[in-house]
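Down below are the structures I want you to see.
What follows is a pair of complexes built around chain A, which joins chain B in one and chain C in the other.
Let's look at the complex of A and B:
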């Protein structure tokens, strides 16, 4: 099995007055992509996933390219019931339903599920499949505490894949290997976690709070952050 | 007070629940009935039995503003200006009043530069701001935010929270799964399987227990108040 790798060279895309620029290499591991609303994170995710073609630059991929993107503004429903929908993905439908916590709702109309339930079904299908690249755009949106926990666990089981998580929500993360930031359309690699945390100038409040108290967390996962807080609060 | 008495509606079964003026957070697992609860408060979903009263009035006669997770699904007009003006025009306000209020509201939220833009083509963040402005412009009795924060960054959330505080809207009820967002709330209702399982005041600390620090609104208040600008850069 080849180790997957995606290399973006001089990649760019224009959208009105906005231009996206990315020169980067994504290897296997979990990548967190942060940045302001409107900075181009979703567009970069779409380019990585191959849904959107860049206007210039080249993308090289090694590894079988099975790419999934969970877009944050819509659901991807193609059937009527939970069972049919789970069966429309690669993989074992029963297993997907079980992971999603929807046992007993196999015959339910998808439109009678809550938004969180539909998201869980989609995430279970994506994360139980064997993909080389998984792009998750705001995966925690609409998910409750328990679902956030199993999404973390499932992500941790993908040892070889390239997983790119786009999120503003830093209290539900799995173990993160690399940190990236989109700044007004320009992709910057901040570096490996936790080494890069102290120089993360736009770190969210919790990280700034911890670093301000001399407690650099050992990583960005929920458990690592809680542990750092415990060192201050006991 | 918002008073819910002996209500059955959809999955909800609520014998009694009272919400004080201020900001109230609704928490709970997926499928617990959070959005149904918001629909009940706003009068979109009339209860099968029981009553809901907002300061003694039926929700359906109150002015309610609603911002959902995907505001682009509820756009009425093609131009930002008209989207903001809509709620005022529907109540037959004079043109000069409408124009003045649209401009004041846009100024307060920092979206004056968007007024002549097409709704189509706004970024996700701009859409939320416009939807938020349209929900607040008619000075609603009740403002509902249904997981509006799902796709917003810290600075953005802070901006909206500042606006909510300044707006003087009597009741603000929001759902969220992000514990740090609970820090702004005065009270918190936790739902599970259609029932109210917890109802906490967050105005004074009285030994409520949370599973860990990152789940506690009190901890988040400490984080945000320890940083300049309440955590916004």
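Let's look at the complex of A and C:
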């Protein structure tokens, strides 16, 4: 049982006819938040990160909270070169550049880098920092398979924090501890992975296929899914 | 106010009234409080201070040079309040509605489309500024002049990308000039009454501001 660090009690936010409701406890570990487009995942991520204030309800956090939210746009960029940007995160700039795989591009203009390279730099800075809560909204956007594998490894070594991954793409996930689903604005905790997978009524086709063939994956990471697929094919 | 045509006319009249005379400015603010239900797009005290900074400095300069800086600040503030009310009341597509209603499906459509795209870009800019400020705070980085080139380059590149996407979309939809659009307006009686009040304030401001008094001869008897 994880130690709860963030507790949402009756948290809600209204936007026109849409209302978001969330009662939840997020402990350390990796949480996957899924749900249909427009179900309120991003809004919940913003509430968790403290960017958006809920209209009602309370958010309780244990201890001091250092929060980071990564969205699809690189709003964090505040300098012109890779070296300056890595240094602006108050960490070991050389280490961030090395983790991001940008050695040799230290003096490159950030705006000449590909979207994937900028994303890698941001993720390296975030995941090498000492944040208590990291919300990653569609972190695989703009990344190729090699970079996705790199992000998975990076997240797997960072499980002491609360990491909330908001994603539709279940084929690139790291090891997931808890599964959550937004259902038309209501947050539902499906439970720990893999125990909850069989009762996941809105599971993506790949998971439904595996369960239908009697091969419940041992987790949601890429490797665990591959292993389950391999078991089917002997 | 739900009818954008009346809102546009009221905005022009009230802004002119506020600019022409001090009593007009005071009445425009009163109109905003009563008829405009004090709605404003200015959400924070910080935004208010930033917006009033330039007229404040100009007013002080006017006072320093012996002019009536106080009147200037009040009048400009009233104009800004009315502008913020109009911005807060607008709904997506209203400029296209008004443009087509006023100038037809060619020039009116084009002007309305330009207006809609511009307003949407303003919204994007406001959201981007907000998000960048939050991102830098999370990064525990203080905003400094050295960041301006990087931050503004990012905003500019994203705006150019957005403009390109929209241009491609319009081209794919076959846009060359003008377009079909059937505007629909909902005009409750209160809109007409509030609009009439704005006309009255404008006329009163003309009189109070000696607008018709040219070379000592008053044109209104």
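To be clear about the criterion, the second predicted complex is superposed on the first by the 226 of 234 C-alpha atoms of A that agree within 3 Å, B and C clash if a C-alpha of one lies under 4 Å from a C-alpha of the other, contacts with A are read in each partner's own complex, and residues count from 1 in each chain.
Convention: a residue touches a chain if its C-beta (ideal position, glycine included) is under 8 Å from a C-beta of that chain, and two chains touch if they have at least 3 such contacts.
All figures in this text were calculated on a predicted structure; none of them were measured in a lab.
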Requested in this report: Answer with clash or fit: chain B and chain C placed together on chain A by superposition.
Outcome: clash
Query raised in the report: Which partner does A:171 contact after superposing on A: first (chain B), second (chain C), both, neither?
Result: first
Query raised in the report: In the superposed arrangement, does A:153 touch chain B (first), chain C (second), both or neither?
Result: neither
Report task. Name the contact category of A:79: first (chain B only), second (chain C only), both, or neither. Result -> second
Report task. Using the touch criterion from the header, give the chain among chain B and chain C with more contacted residues in chain A. Result -> B
Report task. State whether A:88 touches chain B only (first), chain C only (second), both chains, or neither. Result -> second
Query raised in the report: Is A:225 in contact with chain B, with chain C, with both, or with neither (first, second, both, neither)?
Result: first
Query raised in the report: When the two structures are overlaid on chain A, which partner does A:145 contact: first (chain B), second (chain C), both, or neither?
Result: first
Query raised in the report: Of the partners chain B and chain C, which touch A:208 in the superposed model: first, second, both, neither?
Result: first
Requested in this report: After superposing the two complexes, find the one stretch in chain C that runs into chain B, choosing from 37-45, 55-63, 127-135 or 163-171.
Outcome: 163-171
Report task. List the residues of chain A that touch chain B in one complex and chain C in the other. Result -> 73-74
Report task. Spell out the residues on chain A that touch chain B in their complex, using ranges where they run on. Result -> 16, 35-38, 42, 72-74, 113-117, 120, 138, 140-148, 168-169, 171, 202, 204-206, 208-209, 212, 222, 225-226, 229-230, 233
Query raised in the report: Given the complex with chain A, which residues does chain C contribute to the contact?
Result: 128, 131-132, 134-136, 138-141, 146-147, 149-151, 153-154, 157-158
Requested in this report: Using the touch definition up top, name the residues of chain A that touch chain C in the complex.
Outcome: 49, 51, 67-69, 71, 73-80, 88-90, 110-111
Report task. Could you pull out which chain B residues touch chain A in their complex? Result -> 28-32, 35, 69-70, 72, 121, 123-126, 147, 150-156, 177-180, 212-215, 219, 223-224, 226-227, 231, 233
